[in-house]
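Below, each structure is written out as structure tokens.
The same chain A turns up in both complexes below, where it pairs with chain B and then with chain C.
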Partner chain A sequence: MKKVATFSTIFSTIWIVSILFVLSESFSRFFVKASDTWQHVVSVTLPNITSSTLILVIGTMLLTGVLGVLSAYFVVTFEFKFRRWIRFLLYFPLAIPPYIFAYVLTHFLGYTGFLQTTLRSLGLFKPEWFEWNAMVLGMIVFSMTLYPYVYISTKSFLERFMGNYVETARTLGSRSTGIFFKIALPLAMNAFIGGMVLVALEVLGDYGTVVYLNIPTFSIAIFRSWFALRDFDSALRLAGFLLIIVFIILIIEHILRKNTKQVMPANVRPLKRKQLKGIKHVALVSYFILILFFALGLPLLHLIGWAFITFNRIYWNDFGSQLFNTMFLGLVVTSAIVMIGFVIGNYTRLKHTPWSVVVSKITLLGYSIPGSVMAILVLFAFITLSQQFNLLLTTGLGMLMYGLIIRYLGLGYQNIEWGFKKIGLKNNEISQTLGKTYLQGLFQIEVPLLKSSLLAAFALVFIDVIKELPLTLNLRPFNYHTLATQVYRYAGDERLFEAAIPSLAIIFISMVFLYPVIASVNKED
Partner chain B sequence: MFLEVKNLTFAFGQTVLFENLNMSIEAGSFTAILGPSGKGKTTLLRCLAGLEKPVSGSIVLDGNTLTSDEIHVEPHARKVGLLFQDYALFPHMSVADNIGYGVRKEDKAFKKMIVNELLGMMDLKDFHHRKPSQCSGGQQQRIAIARALASQPKVLCLDEPFSNLDQELKERMRGLMKVWFKQKGVTVIMVTHDVDDAKAMADTIVELK
Partner chain C sequence: MKKIILVLFTFVLFLAGCAPTTPTDPNEESKVLNVYSARHYDLDKTMIASFEAETGIKVNVIEGSGNELLERMIRESSNPQADLFLTVGAETLYTALNEDLFAPVNVSSIQDVLNDQFYGENWVAYTKRARVIVYNKEKYPEGLDIDSYYDLVDEQYANQILVRSSTNSYNIALLASFILNDGSQKAREWAQGVANNFARRPTGNDRAQAAAVVAGLGDLGIMNTYYLGLMINSADQAEREVASKIGVILPENTHLNISYAAILKNATNAANAQKLIDYFLTAENQALFMNGNGEFPVRSDIALNDQIQSWGSFTPAPIDYEKLGREYAAALMMFDAVKWE
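This part shows the complex of A and B:
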């Protein structure tokens, strides 16, 4: 055990130092003289992107919060037709990348889209109905694709603990609305905040959607400074500003979650759901059908239709290599993340020291750092290394993989850490008293017990990696295409129909990997 | 003496659980350690099993030093079995696999023989393929004892073994356990807060004050 602990300590320390080195690239800029264009960025660009980024994040959080919490509350407390299916299907929009949803939605609402065409043929068309603000469109796109984060966290919590309180509230005379605002919402606040923060971080990290809808956010400003203006100094400084926003969000989350933490009962009493009847029943089922239609039906129907049209137009050989690249990148990065997450998870459960807390927090931090920021930081960290040690390090698969590993390690680690917490140390201890070494206990007893956490970590990271855009776009080797970068390229060329087949491939693979995770979460709940 | 504990001191940070504890135990005996909650009974067993390192003192078993200021033999090499209060059965393994896990020899035929013997001894033959979660509380305890015995420990430590059983089952298990342990000639140390358990089972009672 001593050897395992020493290995884990050394490995975790080296890993964390490498992450800190990458992050330091951003803040070190604040201590050197700024470039000439930085003044312009500060006076013109920064206020603009700060306000629009914040509006987009806050608007999306509001919409996502309402959709996610209401859906979770309804599914947990009421019995209605198709409930089992709806409860299950509500997870699946997670498999649809926001940028693909944005392509579909803009087409759907556009001049040649289904809605306008139908209205025109019925003589009901009014141009002012379709003057959508890009910001509003962005909020809709993100809410429809990201609400599952809030839905999952809130639903799991309510499903486990609502039973203990709702029946008491009902016997005390509370009605559904009262129970929602006075019992469900305050109880689930902690889980709800966790889901909302994930949504905020996803929006901050997005590049594909905002660039397509032309919403000026930090991600866009970073890339424009970097590529269009070749002003690396401003790009790094903007990345530093975005990181500060992320840290503020994380601090607020920490404070809010600390203040809303509840001591939950050890014995969970299942809730007897209330059967809805009449108009209320119809309204609720319609609400869910509407959400599922927009979040799942609309993109899938469009993409399938476009795929049929372009089936003979796309280069299948290229598609094959993009598919291979995507799977290869996804599998290598995800396997590395699960292995690193496992070593760090094992270290943090064995060592209860201030350093192990730091290791845990920094590992989780990577997931909060937007892809655009991570891309530029990794690149500059490699440049610094090249200069310091006279090495020739260029953008390539290794750099891309390293960036993706730091970016998504937090997601994998979180699941593995939770698994380690759930099983505790007792199984290994008993195995040791039966004559087995720590490592034998770890692999023979604990790994099988951790299977569902490891699988969840693998599936969730894999889905995120294959959907990922900003890091892949900027750190990939020359002429290296994945399905995501190909979708982005088609969309950039206004060839949305051609983007359908790679988009469907991403969604299909994501759904295949998502299914066992959802099935296991549903079973646990 | 078979097991000798000398001047054992254990502390969590500033909190001292026990100080200069001395104890001598004969081979094949059954010793009960009595004491109220929070006095370090479980921690003492964990020290004997090697799962905790004491601040000072020594533990010598059958002439071999397991713990001293310089030596700390790893738990897997001590031959000290531990029966947790909640049994800690491996949930993904069948009853037979749980018991078989304790057999130190990797020889399959030998392992099978030991498992069958223990299944028979504990009246668990009909349940060998079941998962622990499909067994009753009493059966789970028997599986845990069988698993511990399968590893052929020199000393078996029992942590409040009857706390999860109802009165009737508890009385039946007391009788059975006495027979099993005598049959196998195992040296047993049991910690409990129940005087009746201690009186019913032990040859020697040690009070932890």
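This part shows the complex of A and C:
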């Protein structure tokens, strides 16, 4: 037990120090004299981006929160037509990269899109109808692609723990709304907050979507300062600001979660779902069909259509190696993240020191930094190391893998941490009283219990890694192409149709990897 | 414990992936060329493949965005990993020259068909694109009375101008060129005047501006000919229809974006880099960039194709591309000041 704790402490500390080393360049700028353009950034840019970033993040959180929790609650407590399919399909929008969803949505609403061409042919048309506010579009794009984070986390909590309370509440005559607000919401609060934080971090770290829709967020400001103002210092200062905001969010999360004491019932009683009838039944099924149509049907139908018309127009030569590189990179990086996340997760549950809290929060930091900033920070760190030790570290795959690991470790860790929270320390303590060592308890008893969390971590990270762009783009070795870089080659050049086939390949692989998670979760159901 | 060891072992294996790769031996006659490219077009790939076939030189490429590759080259300048830098847009040139990243490039064989605006001691442009004004031919079959970019600020075009955001480098380059050639005062008046005449808040990409013009959201759009070319040849029927309705105005002093090539200082395979540059500049390949990728050739002895000729003749703006990047920051702050988002 002691050995394990020491090992975990040392390992986690080494890991955190390496992350801090990479991020240090962005903090270091606070201690040098500000450049002249920084004055411009502070007076003009900062107020603007702070407010619009906050609006985007809060609006997206509200929408994803409502969509995710309601969907989870309905699926868990009610019996309705197509339920088996719907609870399954609700996960899949996660496979759709937000920037691709943004292309599809703006095309769908645009002049050459399906909606307007149809309306024009019917003689009904006002182009102004389709001039939607960029902020609204952004919130729609992010909530449609990110709500599964909230859905997944709350659903598994509700399934596990609601049965015990709902039966009692129903016999005491509580109505569904009462059950939702008084039982479901408080019960799932912990998981809900966790899911929401992931959503917030994902939005803060996004660049592709916001630049396409022209929503001035931190990541846009960082790029404007950097590349147009050619003021690297200001860009890194802004990145430092962003990190501070993220750190504040994480501390708030920590406090909120501490205050929502999780009551773990000893025996888990399965919930008997209530059969819905009549108009309520129709309304609920329509609600789900509507969500699935927009989040899944719309992008897939568009991409499949585009794939058909561009089949003979795209460069197929490297497709096989792109496919292989995507899978290989995804598997190696994801396996490493799950292992590191497991060790750190084990450490932060054993140790309740201030340092362990810092460790757990820093692990999450990387997830919120715009990928391109992370790419440059990693690159600089590796170049510095190369020069220090006279090694060539910047031309191998290792740099890219390391960058991806620190970028997505937070996502994997978050899921593993939930898993550890769900099972508590009891099982291990019992096994130790029965004469097993801590490690035997961990691997023989707890790991099987953690299976669904580990699987979820694996699938979520894998999906993010294979669709990731800026790090892969900037840190890859010569002649290294993945499906995501192929999407970029076309989409970056405004050839959205030509980007459809690699996009579909990414989505398809993601769905294949989501499947075991869904299957394992549904088995518990 | 066994599993922990396994975990550690895997991790060590992973770290081994970071181990140094063997650098190429400088004494050996080099059959390799390492390229950092911000041009990620299928045509470039095909052209590089035929270069490899013809010369037996293996071309290794990392594609990325121009600015990010520039940062990388600056950091690597003491030990450059790339031999050749290829990019779209001249914004990186000023910084790269200031940082002394590039070595001389030889264009003597085609100097007489190359306007001296399009090359310098350490760089050479090899394709270009025009940033033009577009309108709806069906609405204005006679065309519009616009000769210059500065005509766009006229009050008669209030609520008529469609353009993308100021984060976009084409817009920054355009305003930077005005600052460089006409002075801050006049450039600012232009930016302010255009912003006053916006039909909507800047949004979408270049193609979206053409679609908005045809949709009737505004009469005038600002976009690159390159994307119009892509729309004309689009896989999508609706987009081809939009393109067929678009009329092009090539204003006096037409703004041209260049793609340029430069050899890195201390490059291991500089000779091969020069060979690829020469290859891009052959008459045959210049025509291929025009016909296959919708760009303008940089050589003056290439007959323009029907599509480009249909847009009319033009005179390029006299831009000093080596200095353009210097005005980027000023241009961006100007956009902020006039609220061109």
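Going forward, the second predicted complex is superposed on the first by the 378 of 525 C-alpha atoms of A that agree within 3 Å, B and C clash if a C-alpha of one lies under 4 Å from a C-alpha of the other, contacts with A are read in each partner's own complex, and residues count from 1 in each chain.
As a convention for this text, a contact is a pair of C-beta atoms (placed from the backbone, for glycine too) under 8 Å apart; a residue touches a chain by one contact, two chains touch by 3 or more.
Please read all numbers here as calculations on a predicted model, not as lab measurements.
Student: So, A:L115: does it touch chain B (first), chain C (second), both, or neither?
Tutor: neither
Student: As a test of reading the superposition: which chain, chain B or chain C, is in touch with more residues of chain A?
Tutor: Touching more residues of chain A than the other partner does is C.
Student: For A:Q432, is the partner it touches chain B (first), chain C (second), both, or none of the two (neither)?
Tutor: In the superposed model, A:Q432 contacts chain B only, not chain C.
Student: Looking at A:I376 after the superposition, I want to know if it touches chain B, chain C, both of them or none. Which is it: first, second, both, neither?
Tutor: second
Student: May I ask you to decide whether A:P448 touches chain B, chain C, both, or neither, giving the answer as first, second, both or neither?
Tutor: The answer is first: A:P448 touches chain B but not chain C.
Student: Touching A:T37, do we find chain B (first), chain C (second), both, or neither?
Tutor: So A:T37 only meets chain C here.
Student: Touch test for A:I249: chain B only (first), chain C only (second), both, or neither?
Tutor: In the superposition, A:I249 contacts neither chain B nor chain C.
Student: Would you check which partner chain A:M399 touches, where first means chain B only, second means chain C only, and both and neither mean what they say?
Tutor: second
Student: Do chain B and chain C touch any of the same residues on chain A, and if so, which?
Tutor: Shared contact residues on chain A: none.
Student: Under the definition above, what is the set of chain A residues touching chain C in their complex?
Tutor: Where chain A meets chain C, its residues are 7, 37, 40, 44-45, 106, 110-113, 116-117, 127-128, 131, 134, 211-214, 216, 220, 223-224, 226-232, 306, 309-310, 313-315, 317, 332, 335-336, 339-340, 343, 372, 375-376, 379-380, 383, 386-387, 391-399, 401-402, 439, 443, 473-474, 476-480, 485, 488-489, 492-495, 497-498.
Student: Could you please specify the touching residues of chain B with respect to chain A in the complex?
Tutor: Against chain A, chain B makes touches at 49-51, 74-82, 84, 86, 88, 90-92, 101-102, 104, 147-148, 150-151, 153.
Student: Within the complex, which stretch of chain A touches chain B?
Tutor: Residue list for chain A touching chain B: 1, 426-427, 429-438, 440, 444-445, 448-449.
Student: Which chain C residues qualify as touching chain A in the complex?
Tutor: 1, 3-4, 7, 10-11, 14-21, 23, 34, 40-42, 45-46, 60-65, 67-69, 71-72, 75-76, 78-79, 81, 91, 95, 164-165, 167, 169, 172, 200-208, 211-212, 214-217, 227, 230, 234-236, 238-239, 241-242, 325, 328-329, 331-333, 336-337, 341
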